[in-house]
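Let me give you the structure first, and then I'll get to my questions.
We call the chains A, B, C and D, going by the order they appear; numbering starts again at 1 in every chain.
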């Protein structure tokens, strides 16, 4: 006799639905057998299977059964709850049931996809279904919490992704704080001369957007600033930003640059960061002419006043607006925002890590980013490709995949290097007439107009040698190799090992996570993927979301990306943030902790454990009190309560005990 | 610290001077070396080409002997292997013993002594020991005749830095250059420090082996080296013994002395040439040294 | 005109299990992830003299070109310098693959006749098995007698010089406990046969 | 790559309950699925919002109801989604180990691992390793009933015959 027949009126009425997910589940798990098994479980009134439970007909099947069979509990065995828990809860709601009378069983990610033997997979699926059925009996009706949302957004990082996201949101009428670590926005894109495959000038398309940012009434731009603390949760983040002193009052400086001319250093003599040390600057400087905001700054490491306390301070005299302030201190700003977009970008691979390529040892070995500055009209050579000794190279080798596709460094393909190598090959050939050799493993040109650009380069007579370079050396064997750098490579298509003498080597360095990506992700409470880039919530269906609600990703901080992709993703992140804050409120999972007052002994164990100070002590009643608005639902206090007075919605002890017994009762 | 010493076959033959100079230098530094009793061939390259497991078994016997002999000494057992091939094969076999438990069990029944934990033996190259255990400062203290003005090209060959780069970088090693500086000489920066000498190919396929060695010698010569130092008996033999043959094909090559690095240390420490086996060199080094000291005297005057 | 027939590869001549055998014997499963970048070939100091570059050997092993691989000069030219192994971006243990191929070729006896390298390996192996140590002078003398007798006169001056400097000992070396050593080697051998 | 343990010709199949944190290890297990990294089917995963929710009673209940092993998966130190719930889990885990020892349960039957959301391969590796460990330990058998006294071997001058492992009157 079945359990629900013993309690003809009183017992819960459970429906169990097992999804085939096409062949994803049914290819391994015997779904029919699981359904038949479910029918034997206590209180199960109906058990069914369907090809795609998440589809409309699948959901309709559940809704109909809820109405027809008066179901008050539903179990769906399908994919991970992170994908479709919300879908099925909604279905229950639509059928007039409380959405929390629901339990999802993960028989795809946790069973069919990870079990080799169909028999074992089926048995495991049955055990998990048994556990869910036992658990759902103990579910209770719950209400979602509604929390108002601040309608401001923080964008971290002022490269092209951050700029685009900030402008999109600002244009939609939302206030944006754009925080950038460097003294100017623009990021890597500002360093480029041309962009592939159209060869339009990077500055021409970027600088208008940069000045829009500076002028936009809805954007608060803080450069030379860093986020140092993030608190709160979706809709209500409290963020602290450190604004480093630039020793120039931003509001007063108009960017006339007379102070730079007036500096006691008559010549620029310090390595210029923006030009990667290929050019020089003074202690008071502006990174580049179109820097935004157009405000100078003083580098205390090189300024005589800061180093010795003795200087004529000619800059101070030169400034008509008295904007220079040697006593400026760092400032901490506190803001409240509803959503955050991270667009912190990437760094390029450090070519010194591959000593075989001689970067840092042979002066004529350059990284691609350095060459971007050399070919840039506003770069240190005015756009002329000249070696450090002033010569113009006659033969140039571009080595692809430096630090990419390599188990010793980064396993992934950096996606942009093939294309930027083509661009640099074109620009170098155009400016110098040199013979240019590309050394590649595989040419990867998937993108609109990319393959066509590759074809153009082939037509231009650039050499393409398929082979990864083993070594760059100055070891000359033949007279024509004397005084050159020799690239040793197997021309794999010809099947011969070649030694190719060149004057200049360009290393197409890959893209890596920012060195502090790990600290940043901790601060924002998100995850990183294996290679260290920020982890998206779902690689296909939630590519700009993170596991922390209200925090979104844009650009190369999520993985190597070119400009079109970064801009597209920034737009998507802006849309997601807008969708969140425009609604005005968020609904939170009702998995908060609560106190059963009758059981609380007033021992205060829980109070110190709560990381959010959500628990206080009611001295009058001598019991603990939980502020559910502050509770985030971790359940630490519940696990620690010696008298069982602290409990957690959705994760009640009784529910979990049933789940334990369930997975073990059936093996 | 005391060390066990695994000479390997070459140090009893073509590389006798390596053994003599190594022992002399360690003696002068006051570091005891005890030769591993009844050691056998390490199982090197040629053996590995016939039967890898037997090669590992040969190496395992040596490790077992080391464990038995070194057991009285507290702490890790330090086993010095000067020949690059021995050094590598012993390391490789040790890793194999540590990962392949079936093999270890098989071996433990038949090996002398009881094979306890093969991982506790530290297989060391004398270059590593001299630079990192003894230390350059201590060596500097023993230098009596600094080799001023001498330009030395350090040649590592392959197997002491590859594939296990335990004490130096595999691509651009620098321990020997530091040592050369300590001895008062000047290291030559050249890109072929770790390019292979061809190993036994010089004997078996002379047209290939001789060209490889020619390229090495020529580059050292072009970069102004007075001599080359090596860490391996086979490299030393290839670079030195075949120079007449090489010159027959490539006449632009001048005679280039090729020493073991321990011989160079011994010279700087002022040890008698006979103790360092200098008389065994086919291309004598004394001429260069005399010329140098004359130059030096000239410069001082 | 020479026959074209030997240049044609028939799929039926390939050995699909070859790759598996070599992976097992070399202990390098990463062989399957080779992306044919050619770093091994360009890092190799000997690839210039090879009939197939190391990269091609890997490709051929993977596709089962057993006959061609085992008969190639490449595997014998490998001097085990490990340059390819440390620089391979896929961490394929190419040197160990070459060792595995040498062993395979010797076992099958398919290497070129009177080719000195396998003969040297064999001499080395036999001497060490018997005596526990190697005496270079003896092995070299026998190698020249067996494979390159015509070169002996040319080498005699060097031999004489080495002899005079005590670098070519005439007394063969050996270990005391030869029985014990042979016991060890026999255990391994038995296991091999059992396989 | 860790090989999936082979079932000993359908002999003992360990039952393992795994309590995984929603934010890291549970997501990593999803990732293992997406990447089709097969592992031992013995591991049955129960989702918690945080490893800090792990009540020691859950572990005891699992053993009482027939689990041969219990696995706990939390975020790496410093990475807790709720700041420090994983440290609380660690404290309870250490206490539980002592408790299990007292109860005569081999402490290897309980294991705590830190696995981040991106470490799908580690879920596979840990699941396989842990299943192997439990398979080696055999089915959970609670300690012999009181009444038996096992004399400490070291205190005795010579090995004791079995008969002397006396039953108290």
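The criterion applied here is as follows: contacts are C-beta pairs under 8 Å (C-beta built on N, C-alpha and C of every residue); 3 or more make two chains touch, one makes a residue touch a chain.
Note that the coordinates shown come from a computational prediction; the quantities given were computed from them, not determined experimentally.
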Query - Innermost chain, taking as reference the mean of every protein Cα atom displayed - result: A
Report task. Report which of A-C and A-B is connected by more C-beta pairs in contact. Result -> A-C
Query raised in the report: At what distance in angstrom does the C-alpha mean of chain C lie from that of chain A?
Result: 50
Report task. Would you mind pulling out the distance in Å between where the CA atoms of chain A average out and where those of chain B do? Result -> 51
Report task. State, to the nearest whole Å, the distance from the C-alpha centre of chain B to the C-alpha centre of chain C. Result -> 23
Query raised in the report: Going by the touch rule set out above, which residues of chain B reach two or more other chains?
Result: 171
Query - Per-residue multi-chain contacts in chain A, two or more chains - result: 356
Query raised in the report: What are the residues of chain D that contact at least two other chains?
Result: none
Query raised in the report: Quick one: which chain pairs are touching?
Result: A-B, A-C, A-D, B-C
Query raised in the report: Okay, in this complex, where on chain C does chain B touch?
Result: 25, 45-46, 49, 77, 79-83, 85-86, 93, 95, 99-100, 102-103, 106, 116-118, 120-122, 124-125, 128-129, 132-137, 140, 143, 151, 157-158, 161-162, 165-169, 173, 175-177, 180-181, 183-185, 187-189, 191-192
Requested in this report: Would you tell me which residues of chain A are touching chain B in their complex?
Outcome: 355-356, 473-475, 477
**Report entry** chain A residues touching chain C - in the complex, by the definition given at the top
**Finding:** 356, 401, 405-408, 441-442, 466-471, 488-492, 495, 497
Report task. Under the touch definition given earlier, write down the residues of chain A that touch chain D in their complex. Result -> 80-82, 106, 108-111, 113-117, 120-121, 123-124, 127-128, 131, 522, 525, 527-530, 535, 539, 547-548, 591, 609, 611-612, 632-636, 638-640, 648, 651, 653, 656-657, 659-661, 663-665, 667
Report task. Write out the stretch or stretches of chain B touching chain C in their complex. Result -> 9-10, 12-17, 38-41, 43, 45-54, 57-58, 60-61, 106-107, 109-112, 157-159, 162-163, 165, 170-171, 194-196, 198-201, 203-206, 208, 212, 241-242, 244-245, 279-282
